[in-house]
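First chain written, first letter: the chains are A, B, C, D, E and F, and each begins at residue 1.
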Amino acid sequence: VPFPHLLHPGQSHPLLKQWNNGPSIKAHQLMFPIFVSDRTGVKEQIGSLPDHYRWGVDRLDELLDPLVALGLRSVLLFGVISDEKKKDRTASFADKDDSPVPKALRRLRERYPSLLLATDICLCGYTSTGHCCILCENKAKQGILHIENQASIERLAQIALSYAQAGAHMVAPSDMMDGRVGAIKYLLRSAGLESRVPVMSYTAKFASVYYGPFRDAACSGMSFGDRSSYQLGVGSRELALRALARDVAEGADFVMVKPGGPYLDIVRDVRERVNVPVAIYQVSGEYAMLYHAAQAGAFGLKEAVLESLVCAQRAGASIFITYFTPLLLQALAQNK
Amino acid sequence: VPFPHLLHPGQSHPLLKQWNNGPSIKAHQLMFPIFVSDRTGVKEQIGSLPDHYRWGVDRLDELLDPLVALGLRSVLLFGVISDEKKKDRTASFADKDDSPVPKALRRLRERYPSLLLATDICLCGYTSTGHCCILCENKAKQGILHIENQASIERLAQIALSYAQAGAHMVAPSDMMDGRVGAIKYLLRSAGLESRVPVMSYTAKFASVYYGPFRDAACSGMSFGDRSSYQLGVGSRELALRALARDVAEGADFVMVKPGGPYLDIVRDVRERVNVPVAIYQVSGEYAMLYHAAQAGAFGLKEAVLESLVCAQRAGASIFITYFTPLLLQALAQNK
Amino acid sequence: VPFPHLLHPGQSHPLLKQWNNGPSIKAHQLMFPIFVSDRTGVKEQIGSLPDHYRWGVDRLDELLDPLVALGLRSVLLFGVISDEKKKDRTASFADKDDSPVPKALRRLRERYPSLLLATDICLCGYTSTGHCCILCENKAKQGILHIENQASIERLAQIALSYAQAGAHMVAPSDMMDGRVGAIKYLLRSAGLESRVPVMSYTAKFASVYYGPFRDAACSGMSFGDRSSYQLGVGSRELALRALARDVAEGADFVMVKPGGPYLDIVRDVRERVNVPVAIYQVSGEYAMLYHAAQAGAFGLKEAVLESLVCAQRAGASIFITYFTPLLLQALAQNK
Amino acid sequence: VPFPHLLHPGQSHPLLKQWNNGPSIKAHQLMFPIFVSDRTGVKEQIGSLPDHYRWGVDRLDELLDPLVALGLRSVLLFGVISDEKKKDRTASFADKDDSPVPKALRRLRERYPSLLLATDICLCGYTSTGHCCILCENKAKQGILHIENQASIERLAQIALSYAQAGAHMVAPSDMMDGRVGAIKYLLRSAGLESRVPVMSYTAKFASVYYGPFRDAACSGMSFGDRSSYQLGVGSRELALRALARDVAEGADFVMVKPGGPYLDIVRDVRERVNVPVAIYQVSGEYAMLYHAAQAGAFGLKEAVLESLVCAQRAGASIFITYFTPLLLQALAQNK
Amino acid sequence: VPFPHLLHPGQSHPLLKQWNNGPSIKAHQLMFPIFVSDRTGVKEQIGSLPDHYRWGVDRLDELLDPLVALGLRSVLLFGVISDEKKKDRTASFADKDDSPVPKALRRLRERYPSLLLATDICLCGYTSTGHCCILCENKAKQGILHIENQASIERLAQIALSYAQAGAHMVAPSDMMDGRVGAIKYLLRSAGLESRVPVMSYTAKFASVYYGPFRDAACSGMSFGDRSSYQLGVGSRELALRALARDVAEGADFVMVKPGGPYLDIVRDVRERVNVPVAIYQVSGEYAMLYHAAQAGAFGLKEAVLESLVCAQRAGASIFITYFTPLLLQALAQNK
Amino acid sequence: VPFPHLLHPGQSHPLLKQWNNGPSIKAHQLMFPIFVSDRTGVKEQIGSLPDHYRWGVDRLDELLDPLVALGLRSVLLFGVISDEKKKDRTASFADKDDSPVPKALRRLRERYPSLLLATDICLCGYTSTGHCCILCENKAKQGILHIENQASIERLAQIALSYAQAGAHMVAPSDMMDGRVGAIKYLLRSAGLESRVPVMSYTAKFASVYYGPFRDAACSGMSFGDRSSYQLGVGSRELALRALARDVAEGADFVMVKPGGPYLDIVRDVRERVNVPVAIYQVSGEYAMLYHAAQAGAFGLKEAVLESLVCAQRAGASIFITYFTPLLLQALAQNK
């Protein structure tokens, strides 16, 4: 019985191994999501996301100084509004001067000149409904979720422009409305910022059960309805690829798949179809799974987290948005 | 700003939704892994795999009667040898008449005539070293792991033939030696069984940290060395695809990716390249992650497990080997 | 001589067969083309399309009641104008209140609430020239076919909007002008219907000899020139794929290949490139070939028609627009 | 509304048209199937294949002289045995010296030195069962169709070698047994003919209803059972692609899809995967459909036949085996 | 040891060879770049491009009469301005009536009615900076290269329209600004020329060292900065494919890869992704390499040039823009 | 006019640039071809390959010491026989103990323990005919080139085994006979070396005019005939891909495309189809083109050579066999 396909000879010499090795994970590929509170002086434990906190802008240095020293190169900022009175139908507080994200941008831009500042762009943290869009008020009163798509994308574009003007190097719309990338690009262009502020689109954002803990972190539960009417069905490869075509046609400079780990086939699909870098967002439920299984002794946490990123890189992602960033920065620093 | 790509209109009528829906998970796609003990009368809790047991052949009815009633269509049998004295260099006990797998095959073939009986084919449960292959004895004494590939694949083929003759409908080699699918096919052909007993190959079996709990279940820890010299490096898309080319060239009728969930990009890659059905093995570490995170309240277990299978199906798998089979059979029965 | 690739073992058990089977044709995948006359009370035999008729709106129940009872889920409406005086350069009668399609839409919407109503959108049934577009009047006088593309697509969009407002669930432009999908989408959006009325585009409509009998059915022969200047050359894979790119960029929600059977390579090409459902139109010449060859005893009609649809499904189509719908509904009902 | 994708400007000048045109059909791409009778002096009308005949070897000049003059470059020979007594279990008459195909090869090789002579290789014309393989005699007595695959491919290889030695330039096995291409290659190599006699494999031969008339032509009806156990299911893209992988792995130099027209998606699939030329066999049912629909006035025969070949070429075929070869040779000669 | 893949049998007969042959290079695929001077009566040797000249419009017949007689079908015109005073920030002389390109268009349109006239569209030959775009004047004074993209593409579109109105059959923008194809299309459409004047886009134009001699030919050296901020990095497959997506989305009718020979992988990539014809520009450095190596005796010039074009055709190009056009026309004429 | 596809924003920050950058060329990717003479003490200038020499084994240190110091990691050895009397029909001197390659292997293995030693495997340097294979003696006398394929591959396998036993880490057959990779693998396996000595196959070796100078270097001109009957036609993408399928099916561990630069489309094609590393051989004619054009002032040599390798890497090659290795090692050392 002949069996010509042998995997060993091609790795029989140190140089051949080197020729067969892919790249290893680098610190500059990590992007750290940060929850910035509208409250001063706080460092609030997020119950469902062990070891993570909501931070007052004035305490961000405490969080970031050691991470930047370890090689952190980029962050993704989420604003968290604890005061329900600041929330309304059109998310008007999102881009106020004293809203947490603009404040944080000004602070971080000054303190960490080489840190890339990306901001999540969505309405859900600032709307009274907790939805990612502007809803028809009359229908909402009847408990019907009717999206005002055009009004929503215009509002999202305003916020994106405000954040860009406040210092964001990148804006990352997570709302999943049709046309929001194009609307943001259009407004950036009107302001002469079209070549300076790229858009990373949450392109394939699925209506997953793995987001549970996040809502706790971002204080963004919904008052009624759910997000499945604008996020993608978990089995919908076709819709994900149409959303990709949509975002690329609207001008996305970076695309993201969220959740990451359980959707690596979509990462591969995306990577085969576009030529912009692909990010994954390792969501809170993934964090919980790795964390709690390691706690229960199923495997070592560091090894399992590293495997999860190597898997994402194998699938075609090159940017990793993960709550494990601090753990990873330390692990990578030790391996040097 | 025009934005032509709208995801909603194509789903604006019940018939259009139907036209856009993919298939849902069916009970017949589930394959249940069973650990069959060499001890009579036992039902031993597997510590690291909550709700799972090692079963004596004489108590398998207790496990299977309710599952078959719920629609179980196939099982994957693993033999577990508690008596270390039965283990030797060449795994000679594996295909003895009173070895657990042949005994179970005879029992199940009789009691469940329409249940598809697949058997894992490997040496690790029966070798004194705990390795999946025959090792060079002299080198092993020096602590060097030197695989005797030819001897190993001949032994694996003998076991596969024995199991086929004892009633297995399918044999599933998990050892990752070069040439074992071809060797099995050759021996099956000599015995006139080549058209009756297909081979499901563990084609893309990665050296993952997610196997931890399994070793406890199968009592197959290694005495020295590890399996990384014959399993695939976790980042090795290239090697996985070469292993796929190898197995298909040797005649595999079904191929498997293991672990499943964190390797869905590989499932997609495999699905694009071959035209045999693709299985995933949702391994013990995946079980642990879903189980413990649900315990910790991150999400509902049933919802998360269903999402994990829908994801696998989206990636291109159509056969799911999972410890959650009992949970899923119940969930699917309720949805009917 | 080893020959590893065996097709039999993978199908040696009933469950394995099930694992290898693709889906069968379902009644809900059929769309039935109906010719609606501007004349009341008629049921006119279409000479070249045996067993098919032009129907007065008031007699549609007679046609549809039994088909809906058999499981018909969708129809595609064509208006047929017998009175040449109603035809003019701009197809002005197409969307008049008493034009056959709006009248039929109102009737069917009322009588069959769950039937999906799609309407063909074209000018050729309503123009004095019989062409699918508005022609330059001066050039036409000289016998030169000069398309006024912009005027044509605006007119097509008006008709599509009218039909949508009259109750169409879907509009299907068959004219092959550049920009008509975009123009329709634009007008639907202005009227707030963009999310409720999808567009199924005749994307790859070839200038085939197989349309012969259709013209008789639709009374849409041309007074001069032919359609080869706007339909695709039969050998033009490149143009078909550019037309696909065009329609998808303009926002098509469903795409169609026409004719179906002899263009299944194009169906495969389309299916590989887009993620919207793909329809085929089994045209009148295909109907004639199957019908007459069966009459001549070459094969059984039902078997041959079923094979033709199974072929189309294998190629990647999931929606079948066919004159054999009644025959198929009966065949599928018997197989249940 | 912008619509950038215009199909017209790229064809606005004669040179641009030339740059966009693909190749036209050439006479050298046609291969003409000929039924050679075991009877001398005959020219027997084939009832179900209008205008075609079974020819005695001594009357082949009458058929071929005018066609060769028109540019015919290749033929595909089928032997037809009218005398049932010459048929047996192992098709022993197939390669006898006075069997029609060897006789025809000797005659044609002499008279038409530049004509490529291909021969169909199968058992069905010579077995008493009418099956394409050697069946187990005992099981056949019980009405069970049990293929003796090894014996069958050895017999097929003998016949192929005999025909090659009698002058065939190419052998074309149509039986669909596993391993027959490899077996033929092996025997050709033993005889030093491996580089001189290529194999064109009937790779994707489907169990189609469109073969009806052929059986009449070749006198090869079956005494019991049908061919669906060795031909491909009509919806089986996966099996067709596995058969392709099989034949290419065994060394096929040319591959064929049969039937042609309704399986053009498979032609496209094949063309994308292999780098050998791809043939289609336009079968008797396709002939019947085109012929009878043209007779009924649905379209012109010549135009429809030409469209069918242009479609096949668009799909990726470059060799056309068709009963319309005489009609096409005349049409192409006129177009020069 | 079996080795089934033999390359010989498939070519063992003259007809089989013909079936395996691809098309040969044809004269109509060649496009000849011509440098048209603003000076009358000149034929100036271009130092770095042996055997090539800058021609006065009044002496073009001398160059073209013999080439058209040999079968030349298309030219690509470059204007060369020797008088630096005619150059300014906005390239205003480019489309003046007495600018070389419009003058040449009028002359050639008259003398060679069937010759396709394509014109390079760029600013670099007419700007005082020598850059391909309009630069911000203030920043330029500081030595900073800041592109005014919007102004640049509007100017390029004006020039393209002027040339189209002066008789160009095709315009070929080589500047690499974002949006220029769309801007040209928009202006052509305003003038009713959208269906008559296609755009061949320099889509994948790399910042290569192989352009050296060209700048001498076109007198277009830059006063400061270099073109690497708007041409593609030589290793940037991703950017090239994004530029392709951009140009196709803007409506390019033909696309070009430049340089040709060392970028054939990009030609293959482009060919796989779009369905418009693909051109390569065999640049001056390629000319120099072939010319000087042949001079040094490394190989024959004609053989090497022919191989270079056969390579480009194999990669998927069908249009060859080359300074070797005269040599090739002669070679092809001799081979007839 | 909107133009969403902008290439600039995605590179507007240093980190974004890093995210978009591909890998740079590393010294370990270079493989240096060395001509080893059968004469002692020589360093003979190769006329047509400026700056390159044929070296006596005893002078190799002189060549390699400085290169290894600069980071050279691998060499490819060619034996050069100056004494025509040592050449015969079967290349018997190739693996004699005092043949240059075995001698060099022993020397280099000792002096440079970490240098990877690859050896070209062919007959042409050792046959009296100068052909890469054993020819039929009788036919050769008649001037007919008739390859004895089986004898040739057996001889090549013997030589490969000898070289492996003399210390080669890798063998690289360049002869293009069918089955030689399989024959070498078979013999290596018999000797227990199958896992230690990989095969790098000259898979896509074209019959190019760019080899001219090489023959001078290797003293391997042919006495009659040429190599086009076993090397690939320059336009034959199909044959190249079939040769790739052949070599991979026979077990090649690395594949090579030769020449490199003008065949980068084939590199891309190969890279898309296989998962082994891909090498290019930048041949002597490419060396001549770059060298002489730089001499003539068309561009800088170092810049042009670097561009040529970056192009090859972009196309998918990761190993570069090039005569410019010394120049590149210096350039890379300076860039550090």
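Definition applied: a residue touches a chain if its C-beta (ideal position, glycine included) is under 8 Å from a C-beta of that chain, and two chains touch if they have at least 3 such contacts.
Please read these numbers as outputs of a predicted model, since none were measured by experiment.
A.B. asks: Tell me, which chains sit next to both chain B and chain E?
C.D. replies: A, C, D, F
A.B. asks: B-F or D-E: which has the larger count of contacting C-beta pairs?
C.D. replies: D-E
A.B. asks: Measuring centre to centre with C-alpha atoms, which chain is farthest from chain E?
C.D. replies: Most distant chain from chain E: B.
A.B. asks: With chain centres defined as C-alpha means, what is the inter-centre distance between chain D and chain F in Å?
C.D. replies: The computed centroid separation for chain D versus chain F comes out at 43 Å.
A.B. asks: How many Å are there between the centre of chain C and the centre of chain D, using C-alpha atoms for each centre?
C.D. replies: 34
A.B. asks: What whole-Å value do you get for the distance between chain C and chain F if each is reduced to the mean of its CA atoms?
C.D. replies: Computed from C-alpha means, the inter-chain centre distance equals 58 Å.
A.B. asks: When you check chain E against every other chain, which residues touch at least two of them?
C.D. replies: If we look for residues of chain E contacting two or more partner chains, we find 1-2, 4-6, 8, 20, 182, 186, 237-239, 242, 245, 249-250, 276.
A.B. asks: Linking chains that touch, what shape results: line, ring, star, complete or other?
C.D. replies: other
A.B. asks: Sort out which chains touch which and give me every pair.
C.D. replies: A-B, A-C, A-E, A-F, B-C, B-D, B-F, C-D, C-E, D-E, D-F, E-F
A.B. asks: Within the complex, which stretch of chain E touches chain F?
C.D. replies: Against chain F, the touching part of chain E is residues 1-8, 20, 22, 48, 178-179, 182-183, 186, 208-210, 212-213, 234-239, 242-243, 245-246, 249-250, 261-269, 284-285, 288-293, 295-300, 303-304, 307-308, 310-311, 313-316.
A.B. asks: Any idea which chain D residues touch chain F in the complex?
C.D. replies: Touching chain F from chain D are residues 2, 248-249, 275-276.
A.B. asks: Under the touch definition given earlier, write down the residues of chain C that touch chain B in their complex.
C.D. replies: Result: residues 2, 4-6, 8-10, 12-16, 18-20, 23, 28-29, 73-74, 114, 116, 169-170, 182, 185-186, 194-199, 249-251, 253-254, 276-277, 318-319 of chain C touch chain B.
A.B. asks: Within the complex, which stretch of chain C touches chain E?
C.D. replies: 1-2, 237-239, 241-242, 245, 249
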